[in-house]
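You will see two complexes here that share chain A, one where it goes with chain B and one where it goes with chain C.
Presenting the complex of A and B:
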């Protein structure tokens, strides 16, 4: 990696003496394109947002230069005005697109659709601009910066190097892991309190401005701006370069953009249609067979070992005050229905800190729906839910987490491509903002999370990638992540599913100590009645969407009603007879 | 009156172009970004018929055949491996679209061509002359809707397809060969796509890039319209009306944008689009 970087820097510095004028020209344009390709990789490769729209921001920057210089002449003032226009325009449009694409419940499809519509709308607007925008022929021949070719080469090359450096610092940092987490499992991120919409909008605005500046450079250098620079086709070319170069690597798209641009320039005169055909075929082949791209394949033999892992440290847990403990969870008259189907009706439930309530009931009783209504304000159709005194109204999960909720899902819901340490750090990001340009050497987790990690052996596997862990270890990791939130209420959906007897006992003792020693309010949905008997302080039985009864385990186990619910009425009647 | 006819014929054209994409998206949840190239392919099939001086009505079955054959190949080679990666399927079919486009350019050149319309001249509606071929598209669109709805709702194949749409795992568990359903649906959807290309070319011209603007419009319509052929018809009527109004009263350029912008706003406000419930 260092070697490639040095070679790149050398080429940038020595370029004017090594390359001819034609090649220098091509390279300057290629460098500006490569800057945009890097932004596309940040959005798509790292954050999982497939965007065809970065070309629109590039075009805005280019036309900012073209419009101002063509209509207002070229002076120091107009250059600054053009620059300001490029930055402001891209930031504004980026924010608008972000607001439109990244709202709660938006599907990734929809975000891609919007990113598709943007360059098309922009191109049409430019085409209908008449003499002002130059319409289909664009603007040409305007006066621009009087700089020799070599100077432009150094400017473009340095800009590219800076963007690449900045980008790689961000993606390697702790904050950069949040992007990958969003890509891997956005829902889990929201349940860890991360405002994913906000993160994505900020990222989009930042990359839009960078792409706009690259466009500004391009427009200033080439002296020609045409609607193609903001078009859909260019947008897809960026995607092709990133896909071929290797998404999620930064340097792959950089090399892909530069090499393909240069090759296209030379080959499109000699064999125009065949070259496009080759590119198209290569693109299809890469997407289907080699989704990681070509460059990582070539570099694989040269990969070195993993980076160092942070040290685990105990983090002092905020002591729970008396007020926090009482009435941690209050549900009044909660109901959920889909059309005519009533899944939950008339749920009145209160739970305090220090209690461990087991929620049992046959399949289809509505247990998981109940959990969803507790953790997401928009789920229920009626009733009031209060978490630690805060009414959750229709607030999203990230807000419920900030009120003190932690939810562990039934299937291990973690970040597949991140290490154990990174998963935990992201889980703690609500309490401790991750560093933007650095990797902290210390990972602080609360004592109960630390206990989970030690007991299950994860404390020694901080560098292991999450998807390589065993099922039981993944469940433990998710539990540790939820506990790192320092929640006041913990919802656990079948925490023992798929665990061995030993693992069950370990989890059991940890959960009881959470309630008894640390005063958390724990609610667990379980089918393993022995497990529930050992650790629960009270039982809630759910049947056909209503709470059938509540009480201690003995009351519930010996109740006729519960036997009927589980075994069916004929069985109970036979027993009685 | 002319406005009314413009509206109905535009809605009909939108429906014809989008039906193929809708079939594929409904069943496979994959957006076939090669649809634009398929439209172009169908158009060039018409062109071939014109070149060979055959009866222009033959262009319809020829286009359909070409589409089905290409669809079979594409499903097996490209779409099947990407069944679990829908965003990548968009990209791969886009790449395919580029490949098809370039092959067309290599075979036919970049120039704009014209095809013979099966029906020339105008008909008189309420005393006003209106392009006969455009008017024919209205019953064609309705016929296509009826045919496809009939296929989905009235045949065993249709029932199996709807089962696969709703719950593929369960359908497979009940012995329905979902792979075959997907294969047939994709081939049929491609066929309808190329047929649409053949149907709309007599109204304009044929060039290698003609499919692209239709692709984006069709994509947006599919996103908005939900899952049934009928809701697609309704969507086309509504959006067709808006496009015609904007084109006539504001500017044709903005008219081209209407569908895209309106669809985006509709989805933002109501994510299910025009679907029921």
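Presenting the complex of A and C:
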């Protein structure tokens, strides 16, 4: 990668002496396009937001130059104004589109549709602008910066190098892992307290401004702007370049954009129709044979293992505030209905810090739904939920997490393509903001999370990719991630499913120390009554959506109700013996 | 010795560069039930995924009833009469319970008869056939997976931790149902379990897998079986 960077820098510096005038012209434009391709890769390859709309921001930047220079003439002042217009316009529209695309509950599909609509609407506006925008022929012949071709080449090359460098620093950094985490599993991100909508909007605004600046450069250099520069055909071409080069690699899209732009400049004039066909075929071949694009194929042999794994260290746990511990969880009259189906009704439940309540009940009694109602304000249909004294109203999970909640899901809910270390880093990001351009050499997790990692052997597998872990290891990883949040209330939905008896015992002792030693309020859904007996301080029985019983293990386990609806004959016989 | 219905010979497989199964050989006789136990990450689920053809084999062969299925994809393996209840993500959450069950069957006409047979084991489904599978609770989804596999009347059924998340009384009923299935149809079973008592109750023979190799095996009915397995899982 270093070598590739050096070759790139050498080409940028020496270009004017090596390349002819025609090629320099082509390359300057290609560099501006490549900048946009990098922003598309950040949004699509890394964050999972498929966008056709980056061309719109490119077009806004280009037209900012074209419109100002054509109508106000070119002066230093108007140049500054045009630049300001490019930045402000793209930031504003980026924020608006981001807000529309990523509001809570919007689907990824919806966001992509919005990204398609944006360039189409913008092109229509430009076409209907009459003489002011030049309509379909665009604006030409305006005065612009009087710079020699070499200077433009260096400016465009340096801008591209800078964007590529910043981009690669960001995606490698700890903060960059958050983007991949959003791509892998957005719901898990929100349950780690990450405001994913906000992250995506900020990213979109930043990439919109970068694309706008590239457009401004393009419009200033070429002296021609046309509606095609903001159209969705160009937006789609960016997608193709990124896919061909290799999405999620940054360098792939960069090379893809430059090489295809140059090739099409030479070939499209000599064989205009065949060239489109060739490009189309290449796209199909790459998608079928190399779904990762060309770049990974080229660099795989060069890759010498990923950067060293961080050192695990113990982080001091924050002291619990007194009022948090008392009545950590309060539910009053909580109900949940799906249409006519009443899943929960009249749930009144309180739990204090230092308690480990075992929640048992037949399959389908509403245990998981109950946990969902505690952790997402939009879930319940009636009633009040308070976490550490905060009414959760209809607040989203990320806010509930910030009130002190941590939720372990029933199925291992982790970030598939990230390493164990990155998963844990992201889990700690609410406590410790991840660095934007750097990777921290240490990974600090609270002592009880560290304990889970050690017991299950995950501490020795920090650089393993999460999806290659076994089912049980994934469960343990998720538990460690939730504990890294340092929650005050922990919801555990079958945390030991898929673990061996020995591991269960070890995890069990960690869970009971969470409540007894660290004063956390734990709620545990579990079917193994012996396990519950060992660690729970009290039992809550849920049956057909209502709390059927509460009390000590002895009271509950010996009740007729639990024996008949739940435990089955073996356990009843064991109890009797 | 009965004829081996399922035979693996020197099978190695895994994910990308890392091999999880190492030259594993295993033969399961027709009508036999074998429980595979082991700690996490030892290759238990990988074994089933490899048999089904979800993972390519790096080496070795798999035969079913004398036919080579080593290179077949999952749908072709399933057509050889092998049903697979996977650990996760194996339901069509946007389809009804009935449609999920129906998709395992070759034709509609046998649905009622087959459903009547599994209904006593999973009474929860009887009145809820039209409900979306995605709205079932975690444990109920698990039951649906097993019900679908059994309704296919497979000659071999592969079960991946089917007791996970089930209430004790359902686990008990499930064990009876599997034993009944074996008595009635002689179904061959390969089951992966963390629940050792359940596994030993259903199976004839147990295997312990460690680092992708079989390190111990024996009769599930031997008095020492549970203790030996426990010793393996502890270290």
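Assume the second predicted complex is superposed on the first by the 561 of 577 C-alpha atoms of A that agree within 3 Å, B and C clash if a C-alpha of one lies under 4 Å from a C-alpha of the other, contacts with A are read in each partner's own complex, and residues count from 1 in each chain.
One rule holds for everything that comes next: a residue touches a chain if its C-beta (ideal position, glycine included) is under 8 Å from a C-beta of that chain, and two chains touch if they have at least 3 such contacts.
Bear in mind the structure is a predicted one, so any value in this text is a computation, not a measurement.
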- Query: chain B versus chain C on the shared chain A, clash or fit?
  - Reply: clash
- Message: Let me test your reading of the model: by the given contact rule, A:110 touches which partner, first (chain B), second (chain C), both or neither?
- Response: first
- Once the shared chain is lined up, is A:277 touching chain B (first), chain C (second), both, or neither of them? first
- Would you check which partner chain A:329 touches, where first means chain B only, second means chain C only, and both and neither mean what they say? neither
- Task: State whether A:473 touches chain B only (first), chain C only (second), both chains, or neither.
- Result: second
- Task: With the two complexes superposed on chain A, say which partner A:121 touches: chain B (first), chain C (second), both, or neither.
- Result: first
- Identify the partner contact of A:529: answer first if only chain B is touched, second if only chain C is, both if each is, neither if none is. second
- Partner chain(s) touched by A:240 [first = chain B, second = chain C, both, neither]: first
- Looking at chain B, which part out of 169-177, 187-195 or 223-231 clashes with chain C after superposition? 169-177
- Note on the structure: Interface with chain B, chain A side, in the complex: residues 50, 100, 103, 105-110, 112-114, 116-117, 120-121, 124, 127-128, 232, 236, 239-240, 243, 273-274, 276-277, 279-281, 283-284, 287-289, 291, 339
- Note on the structure: The answer for chain B against chain A in the complex is residues 31, 77-78, 81-82, 85-88, 90-92, 94-96, 98-99, 101-103, 105-106, 212, 216, 219-220, 223, 251, 253-254, 256-257, 260-261, 263-264, 267-268, 271, 277
- Message: Show me the residue ranges of chain A that touch chain C in the complex, using the header's touch definition.
- Response: 338, 361-369, 410-411, 456-457, 468-473, 493-494, 497-503, 527, 529, 565-571
- Message: Touching residues of chain C toward chain A in the complex: what are they?
- Response: 15-16, 18, 39-42, 44-45, 87-88, 124, 135-140, 142-143, 161, 164-173, 194, 196, 230, 233-234
